């Protein structure tokens, strides 16, 4: 059974800050957001975790391997280097969607995302080392079949992007509703999903759904591990196996 | 009449690089991509331009104000600081979609995105200063009505993200097909669109489409300018006006 | 005659900030400082300028090509992305030391570096385009003769560093006192100096002084240009010429 | 007794790379170097370590808390994100100077810093957790007495820098020769030294030496810890104590 530890990262009162005293230059906001994301990616990544940019003002990290003390250090480090602060809420659950729901609730209990006096909330619990196992995480790595040949080298870049985006919008919604999984676009034609235990038929079902819904053809490799990077690397290798064999789904777990 | 200058940025042969000699750590790819994006945002931003991360391996910049010589400098700077190189194709047009189509075609003519020997292509022409006007760019800044109150403070972060994402997927496709506009998610509940001349009714139509299609309620401010940052800042102020008055659409042009 | 435009960059009230409410983590300060420096280097560099980290809380830029409006944009961009603000003072002069003295005085006139209420000072004037010439800047690029063979591959890294550091300390003081030049260590065994017009004998004198003072053997290439990067690149080529011919001094101006 | 673990970081074949096929733009080199340093600072810092930029192409980290496996991860991460690779050599010793000497020798044994075929060397051993103690590290934090009042607010910034630089050059050489300590300038008027066990009289002696040698007046706080950040933070608090009491030397160990 999976045991996913998720961190809901929320920049404190960010929306109002971006327009106070008047709207800030968009280029600076974009730079701030993408560098903040890169820093989180490295911080959690240094402990085997994965971070997804999601909406940038709210980000989601698979944080198995990071303690509450680590989270406190991160919070302090961001405060020391950025003009904004961030709240962090940590929760675990048998499904990723369940874990995140708990994490978000803990944060909402502390006040609104745009509450001026709610700053640097740190809530929740990490999984103690003694309870961590090599089956805690399941990561699925999807990509689009022959995206370069069918889209990138044929269509205008925006029209390619429309295909990728419609495929992602369809998959991320379906995986959430049917399988309590959280799926994130990670660039190119790649989507990484954090999943509970699912069999090959379930992944095939998701791929079929997207094909029927928006006409985008996906394949997927799935891996398992104690840490996100271990599960994710196994998923990448499984995806390479799909490429070699032409299979739609390859599970390495 | 608008005169949008767009740059199609493409990392050379990136997909194969990410899995050679074997798959690279995802956290490093994410960090590389987001920092590369931040650097482009600052580079074009220093000249008044806007850059959108799009798929990260392919990015789109509104580059009015950046010459071909500037583009060559950028290409050299990236080569000097990253393990990858990038191709740049510049084109103009009366609609953003038309300009980008030309830019992408120029790049495709030079070879496949995954051609190992196609590196650092630099094609196209910038708009000479004498032909630039204060009406060259139209930027629209959309956001979701009361996203914090209705979503962020109520739902699990992923469920909030689903709403935002479905809204974006609907808008970006419709704006492209109906109005030759290019719309980009820029974080939070914000979408920035690069548009040709459109009247208030057209923007209202797009908002109505998204509400009918996926139930997400948007509002929009629109600005005009010689540079993307000028048009974009006017759009932000127009959006603030929407917030103050409750209007769906506010044009400052 | 040279016409160097220098910008004195000073983080506002930085010392007190680093220990308020109690001392901040050193690693965050180091990260903040080095990234702030990188951003300045790119900003001025995008306009042909050079930036030197000097003391990090006070930095010096050769800013020919950057207008006061550019400086204001930089100030705003830093405020938007960092937890600190910066003051900028711009001055020109026939010697680099003279220009910097003026720039610093303008800043000191506005208040102490540790005055809590003195923030984001922006003073001085840039050189108007019509007065800029191809002889405005002289840049000298020094390095240590066979540093790898004599030091890096032979001594403990710290003992190598002592040699390089003593060489730099000697050169930077002498060049300032004898020739009104500003010399900056830029990594490895490299020192870049911003100079007024000096002939080959003057450079030879500086090299002789350092050899006699601390036993470190330098060579130097010197270039000229309208912008720092042009003069600096010419200096690098001249230094390559020294490497090829064994000369101590090579002037390309 | 201290047990300092030091890592000698060396960019592979960097000098030749910077001029191949011809000299690279200085601004890009400066940006590359300072960001690479920031990444190392964060990486080691996430494990309690300190990193010093030293010469940028060669850097020194106090790496107690980072295993050889961590070092391998760092090496891979840099290779994935930068156009250069780095070699890492780890050693311990009762004095910092002794530890570094060993680390450098291990690297020199593997080939020259400018050997084209010597890449990504990883040598040495970390201290096993069971042998780590709360007295492993001694960190001293020096600063200049009233640097703002005496220098920054009075002199041209370069003339201030000359004072700070002469003070540093004097201290770093003396501390190495008399006490096997490694001292690093960290910005502003601050110098951080990694030391063996030294009593207050030894620190006073170093301060006296610098005053006599170059007329710069220092004070110092010293801390102890299992990790560099613990010892360093204790040193910062001790230095605050000096500020409060007017003492030259304050030991918290």
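As written, the chain order gives the labels A, B, C and D, with residue 1 at the start of each chain.
Note that in this section contacts are C-beta pairs under 8 Å (C-beta built on N, C-alpha and C of every residue); 3 or more make two chains touch, one makes a residue touch a chain.
Molecules present, by chain and UniProt name: A, B, C, D = GTP cyclohydrolase III.
Because the structure is a prediction, the values reported are computed rather than measured.
Asks: Which of these pairs, A-C, B-C or B-D, matches A-D in more than half of the residue pairs in contact?
Replies: Checking each pair in A-C, B-C or B-D, only one repeats A-D, namely B-C.
Asks: For the pairs C-D and B-C, output the one whose chains share more C-beta pairs in contact.
Replies: C-D
Asks: Where the CA atoms of chain B (GTP cyclohydrolase III) average out and where those of chain D (GTP cyclohydrolase III) average out, how many Å apart are those spots?
Replies: Result: the chain centres lie 42 Å from each other.
Asks: Could you give the separation in Å between the centres of chain C (GTP cyclohydrolase III) and chain D (GTP cyclohydrolase III), each centre being the mean of its C-alpha atoms?
Replies: 22
Asks: Centre to centre, by mean C-alpha position, how many angstrom separate chain B (GTP cyclohydrolase III) and chain C (GTP cyclohydrolase III)?
Replies: 36
Asks: For chain B (GTP cyclohydrolase III), which residues are shared contacts with two or more other chains?
Replies: If we look for residues of chain B (GTP cyclohydrolase III) contacting two or more partner chains, we find 25, 27-29, 31, 35, 42.
Asks: Flag every residue of chain D (GTP cyclohydrolase III) that touches chain B (GTP cyclohydrolase III) in the complex, lowest number first.
Replies: Touching chain B (GTP cyclohydrolase III) from chain D (GTP cyclohydrolase III) are residues 24-25, 27-29, 31-32, 35, 76-77, 79-83.
Asks: Could you list, by residue number, the parts of chain C (GTP cyclohydrolase III) that touch chain B (GTP cyclohydrolase III) in their complex?
Replies: It is residues 39, 42-43, 46-47, 73 of chain C (GTP cyclohydrolase III) that touch chain B (GTP cyclohydrolase III).
Asks: Okay, in this complex, where on chain D (GTP cyclohydrolase III) does chain C (GTP cyclohydrolase III) touch?
Replies: Contact set of chain D (GTP cyclohydrolase III) toward chain C (GTP cyclohydrolase III): 8, 10, 14-15, 18-19, 22-23, 25-31, 33-35, 37-38, 41-42, 44-45, 50-51, 53-58, 60, 97, 100-101, 103-105, 108, 112-114, 148, 152-162, 164-166, 168-169, 172-173, 176, 182, 186-189, 192, 229, 232-233, 236-237, 240.
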